[in-house]
Amino acid sequence: MSDFEPKIIAFVCNWCTYAGADLAGTSRIKYAHNIRIVRFPCTGRIDFMLLLKAFQSGADGIIVSGCHPADCHYTAGNYHARRRWIVFQNLLNFLGIDTRRITFSWVSAAEGAKWGHLVNEVVDNIKKIGPYTEYAKLGKIGIGSISEGNYARIE
Amino acid sequence: MSRIGVFVCHCGENIGATVDCAEVAKMAKDFPGVAFSIDYKYMCSDPGQTLIKEAIKEHNLTGVVVAACSPRMHEPTFRKVAAEAGLNPYLCEMANLREHCSWVHYKDKSTTLKAAELVRMLVEKVKLNTPLYPIKVPVTKTALVIGGGIAGIQTALDIANSGHKVIMVEKSPSIGGHMSQLSETFPTLDCSQCILTPRMVEVAQHPNITLYTYAELESLDGFIGNFKATIKLKAKSVDHSVCNGCGECSAKCPIKKIPDEFNAGLGTRPAIYVPFPQAVPNKPVIDRDNCTYFRKNGKCGLCEKICPTKAIDFSQKDEFITVDVGAVVVTTGFDIKGTDFFPEYGYGKYKDIITGLQFERLASASGPTLGEIRRPSDGKIPQNIVFISCAGSRDPAKGIDYCSKICCMYLAKHAMLYKHKVHSGKASVFYMDIRAGGKTYEEFVRRAIEEDEVNYVRGRVSRIYEKDGKLIVKGVDTLLNSYPVEIEADMVVLGTAGIANPESESLAQKLHISYDQYHFFAEAHPKLRPVETNTAGIMLAGACQFPKDIPDSVSQASGAASKVSALFSQNELTRDPLIAFVNKNTCVGCFMCQSVCPYLAIEKEKIKAKDGSVIREVAKINPGLCQGCGTCVALCRSKSIDINGYSHKQVYAEVMSLFNERSLEYV
Amino acid sequence: MQELNNKIAELLTNNLVSIFISYKKGLNGKIKPAFFTKPNEVYENYFGDEAQQNLAVYVHKPEVKKYSKVGILANIFALKALLQLYAENQIKDNYLTIVTVNQDNKVIVFADFNEIESYIAQHQIEKNTNKQKEINELLSLSREKRWEFWVEQLSSCIKCYACRAICPMCYCSKCTVELNQPQWISVPAHSLGNFEWHIMRMMHLACRCINCQECSRVCPMNIPLHLLTTKINSDMEEEFGQIAGMKTTLDFALNTFKVDDYENFIR
Amino acid sequence: MKIGFYPGCSLEGTAREYNESLKEISKVFKIELEEIIDWNCCGATAAHSLNKDLALALPARSLALAEKQGFNEIVVPCAACYSRLFTAYSELNSEPEKLEKIKEIIQIDFKVTSKPINVLEFINKYIKPDLKDKIKNKINLNIACYYGCLLVRPPKLLAVERYEDPMIMEEIIKITGAKPLDWAFKTECCGAGLSVSKTDVVNKLSGKIIDDAINRKADIIIVACPMCQSNLDMRRKSINTYLNKKLDIPVLFITQLIGKALGLDSNKLGLQRHFVKVSPELFMQKGISSDSVSNKIGVEV
Amino acid sequence: MKILSGKIMNYKTLKIDNLDLFFNEIKKSGKNLLVPKKKGKTTYFSSFININDVEFNYIQTTISPKSALFPKVEELISFKKDDGTYVVTEPSIEKETIVFGLRPCDAVGLEYLSNFFLNEKSDFTVRLRKENTTLITLACKNFDENCFCTSVGLSPASIKGSDICLTDIGNGLFYAEIITDKGEKLIAEHSALFSNAEKINKESYVAQVPLKFDSDNLIKNIKNYYNSEKWTINSLPCLGCGACAFVCPTCTCFNIEDEANPVCGTRLRCWDSCAFGIFTLHASGHNPRPIQSNRWRHRVLHKFGYSVTNMDTLSCVGCGRCIRVCPAGMNIIEQILDLQEA
């Protein structure tokens, strides 16, 4: 797996983490290139379905990050998001989806260094646990006649 | 079919040194929907901007991706460029190649590939961008000022003087607030009423100001520029249009022993009263809770009989009026802890332990002692007086955590006033720290210590008890080896903590504004938006936000007034269109979105049949209030709410554009 | 039963309701929903243990909504569902007449939803410890084994959406699976589409699901959906102390928050 | 009726009269105070400033033993013991991890159900309701009720109303006919913490308390803490020397006062054990008002 | 209405004890053998692993065997970007499949289904599957109140559509009717297990399903039923799920979905159901069948009316699956009786 370069998609809010990542840039903090940032107005805007869609499109890891509690630009979006992630995390875990691949964090606009660390840590971690194909491959289970593995009971 | 233009900026060496910009531009050409792609040294430079403008026109572009620095830096610049070329500015997006790519990665093929992918992501997004237009909201150019203390007075005058209408609501019978109760003011020791009363009169006479005293806000609906306020005018029982303010009624009222609010409980007043001689309006009201006529079913009625103008009207009822206003300024002031709050100072059982506000009344020429410092218990002039600062403040254990900010200064003033009036007397001040930050404040305190020989003791008072007619003040002097100190005082003045008004919570709920843990109203941003609340169009001034002194209150009031004036300077309010909107067809009206909206921007809208009957209710976003956080968007189960600029389609396309070529083997 | 029949007939006769939703025995002996519009049909009414289906689902049906006043026989789950629907602003005033039969076979006609709220508070449904045990067993497995289990279960889903159809809480006029711009849920019934569908359904039911487990009962493929609903319900209770279908007010897990909500995974 | 009883060290030594009088008055109300078998030191006052676990484990063990004996409540007359036991009781109840740790240390499995109550709570709950009916001698004295520190503090833990100016004892003794005084030193420090190391501080602090009580025309001081009592009573001689005064006001436990009001024998109440003599005349001439009931018993000291 | 029947080529017997051997031989030959299996309340077809997994005790499987020809999701084409050009591949179905244990009504249903797909424009994947699939029918010994094959002109003894039809004739023997060449070929591959037999009268060995309604009368009057009031009141319980269509052996509706990104993708055919509200929803927003009663009527009329007009046959085989699986107790028999009553 030494040449495995994971694909990490980050869902971040505009006011804290996006700005934090900007600060990492202006501070010239170097971190792994595997990250792709998608900008949202607020963590409250981040639809849980997007995380599944990211896995479907082959993301090996996901970072969801926004303002620290009490710091939300819109006063409460991150609190709502936090509840959403608590529910979502529990559900995914119950379904056996590899939640090690989703990292939730609070990174403020002042935490450029934290952002850099976080990305590196996540990339290292995902490199260790390998590519995530399990979820995207679901798209092939259940296709075709019974003889080709319909009702793909693992027998 | 989209025709997207991609403009890759080198930012000199900033991007170009790490990312192969030409290669990115070349790759971008092959992205579906890209009609034009080019790289250039400095896109934000004049030639760069011209390049974009010409490309938009020449290639008839339907969208633009500028791959350069952070959108937080130059998005407005490039959107303006797009607009100048005739493209809707919201059809321009930026890919962040500098802060999120070239500056944080090393020069490598993977860095260039990432840059290309960031461009692809924004190309996919911009294809789904729609032209957006700034939202215009009409503005009612009348301000509502709640509270007629110095902050409210200043706000009202400033707004009125800039030519706009003001409606002022004051719950007590007169405006003036706490400042009218003060004797002299620090750091100049000029008479409080002398500087205040002209302004009170100005408020009453200003053609742009409508004053409602003895009135309260009942409810507030609407949004910035378009509020509807319902004001409750409490029954005064006196027809002010007839009353000439002769004062006969007050003089003859048989009920005399009502503790006088204006004198902080140190004096008494009748049931029909004018709060103080300089009150505005200077006409009485009947305090129905204490009036015999109202308490005993029409017995008494003396005032009615003697009133020369027949102004007494017992039949008056509370009245409600509704006014349209465009902005609201909350200036409801503060309250203080009473002496009964302090266990170690006897739970208020010693008459000669008083609050700072009570001392103000004792020192005031218009006060119950006509300005002589006499102790309440026996009217003697105290020869030894002790002031205790931080009474309740800075006391996480049993008081409040914060510093009330004004006490150091007014206690120094009190000590000076005392020394000026009782030359032989001895004044001591117990303090934790002297916080005299402010223009000539420190000098003022030094004057108290040095010229007026006030004895400042650094330490707290652990207990006060009464012994042989003296108050024994037990404290500690932490500068003298922490030795215990005992002072036999004749009177003690507590610099009691400034706290939020008891009604602040219910008022905040009426206004839909937030408040902090101490129930002071919360400003929108502690540093950058200190006079606004989170609810657009509602401002704060004075001590309702936090205890503050007169100069601070007045400057905040002027700040709030200027915010209001700025708002009123336009006929329409222009707002960024990046807000949410509802698909009425699919909304099922569960209104869960309402409770997540921090701005109360979601309303219920009735869908009606042709005959006017209500078919169903759906959510509706008020564009005047929505700030575009999108929490409702992610919450809505049927995806009936979407948001401009971060629409479902757009973010979906962004995520899907980041597909992994390795693992996505559909075949 | 007679008391119930009389009550239904009375409601219909006095035009207090124009249709009454209850149960009857079908031709094949199966108990099915019945829609009485005339008092003389009420003799068919059936109420007993086999009357399982949560009838609350019918209050959304456009054909039912055409009747101006609807009566409904509600078991405890239907009551919880109706209460939750009321909280979610789905039941117009003066639309429903809700009837239940309590444990002493007394017929109760509720005057308003506050009465239902207190009735439900007095008639707590005992937690099914077997189901909790099943969940705990699953949780005790390794992540991989759990994954295998659910891939096996969900791969058999044929996306007939019976789970959605039977669910009283699934009332959106346009379900997310029916949206295609963008295509949030993969349409085909391959495992990816099935996972997306069931995850989304559970997220949308979080603290709204009243755990009647109708979805599990009606699944033609016998997918243990009750495990998901029970899990999400117990999560809601543990994490936020909230149970759906208990109150008339709209403050549920995902539209409210506490400043000190506990989590241990956000870095 | 049986209630658990945790005497602590003082009640077997310097405050025997507290022990005796408490038991005597309890008897009148048909309450048996049953000692916790194998109780141990409460840890006061040093343990909690040295070792937090020890400071919890010591009282926890006694709580555990009481629970094993089936007591819902334990009367803890000494204010210091009470403070330690109650602290342990609240902390272990609110912090399950601490409880687990302490169970490990003391090797007893328990649920912290035995609640420590002090003598004032005990009297309020079990004596006060019927006290009026059982009064035989009306006490006609001016009394300074002295609380000291630990009976009412820390306020966040004990939740006593008006902790700087409590009225609990006042309310009780009013029933006996006595007149409680408003005075300034109810909750001031008697110096107990320094009673071994710096006796001159104790003399000064306790002296002020006594002085104020006398100045306000108190006939006696009543207390509900053995430490207070010993400082105010036993040290009177050195206090007098220190102050160069002759302060002779007696210091009684509230239980003794109630005992007298109930008409109990002074010796049984331990009144003879005081350093500052409680003169028989106190109750004979002044103490018992003329309207007191007929079958009065003479007081001999 | 003519009784559907077929020509029988040969008669054999098979010892029930030899079924295990038969299955294992098929498996060993590399073919895919689908047998009924049970999971909870659901009986479905799945690949044979072990005789112990095979379910014999069922009136009718919950899920019809139509997946053998028309799976719930199947790939029609796929593409992949390779060196800048797109390569398109069509699926190939090479593995031979044998379905064991379907009922005589199912075999008729599958015949209808393949006729539908192979009518004018022969469907590529269905044809491939049809050619590669052998059906071994198991005649019914039992029935329940939801069975109504006899009312649609079939019976538990029908052999139409089957390649081989087995009937339990007691004494541990299956009576096998070999109907097609495919059947003949399969028997020949395992000839050791089968003994020659004479034609017997099966009637006494199969279930006698009572007549529920008169289908001739129904077909005759069906045009008059379109405007009946009964559709609305009878469809009130219907909640608009697709369970009936998805378990039906003759429902053929599908939906085509493309799933792709710029480098690769696939075109999938998925089951669809006329009971879904959006089944007929036009892009304009207009829906010709806006309410559930319209959809229910369409389904019933399709089975008994439109298919007779278009394909000269009923498209209901009376298996009763839709009745058994309906979450809300909808019953096609009740609907027909109600229509006829009026």
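Letters A, B, C, D and E mark the chains in the order given here, with residues in each chain numbered from 1 onward.
The criterion applied here is as follows: a contact is a pair of C-beta atoms (placed from the backbone, for glycine too) under 8 Å apart; a residue touches a chain by one contact, two chains touch by 3 or more.
Being a predicted model, the structure only gives us computed values, none of them experimental.
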{"item": "Those chains which touch subunit E and also touch subunit D", "value": "B"}
{"item": "B-C or C-E - the one linked by more C-beta pairs in contact", "value": "C-E"}
{"item": "Longest centre-to-centre distance from subunit E, chain (CA-based)", "value": "D"}
{"item": "Chain centre separation in whole Å, for subunit B relative to subunit A (CA means)", "value": "38"}
{"item": "Inter-chain centre distance, subunit B versus subunit E - centres from mean C-alpha coordinates, in Å", "value": "71"}
{"item": "Euclidean distance of C-alpha centroids - subunit C vs subunit D, Å", "value": "62"}
{"item": "Euclidean distance of C-alpha centroids - subunit A vs subunit D, Å", "value": "63"}
{"item": "Residues within subunit D bordering two or more other chains", "value": "none"}
{"item": "Contacts with 2+ other chains: residues of subunit E", "value": "44, 72-73, 259, 261, 268"}
{"item": "Residues of subunit B whose C-beta touches two or more other chains", "value": "596, 635, 648, 652, 656, 659, 661, 664, 666"}
{"item": "Pairs of chains, among all present, that meet the touch criterion", "value": "A-B, A-C, A-E, B-C, B-D, B-E, C-E"}
{"item": "Subunit E residues touching subunit B - in the complex, by the definition given at the top", "value": "78-80, 89, 259-266"}
{"item": "Touch list for subunit E against partner subunit C, complex", "value": "39-42, 44, 62-63, 72-73, 144-146, 232-233, 235-237, 239-243, 245-247, 255, 257, 259, 268, 270-271, 273, 276, 278, 291-293, 323, 325, 327-331, 333-334, 337"}
{"item": "Parts of subunit A lying in touch with subunit C, wherever the complex brings them together", "value": "48-49, 52-53, 56, 69-70, 76, 79-80, 82-98, 103-106, 118, 134-136, 138-143, 151-154"}
{"item": "Footprint of subunit E on subunit A - complex, ascending", "value": "57, 139, 142-148, 150-151, 153, 155"}
{"item": "Complex contact set, residues of subunit A against subunit B", "value": "5, 7, 9, 14, 18-19, 21-22, 24-26, 28-31, 33, 36-42, 44-48, 50, 53-54, 57-60, 73-77, 80-81, 84, 116, 131-133, 136, 139-140"}
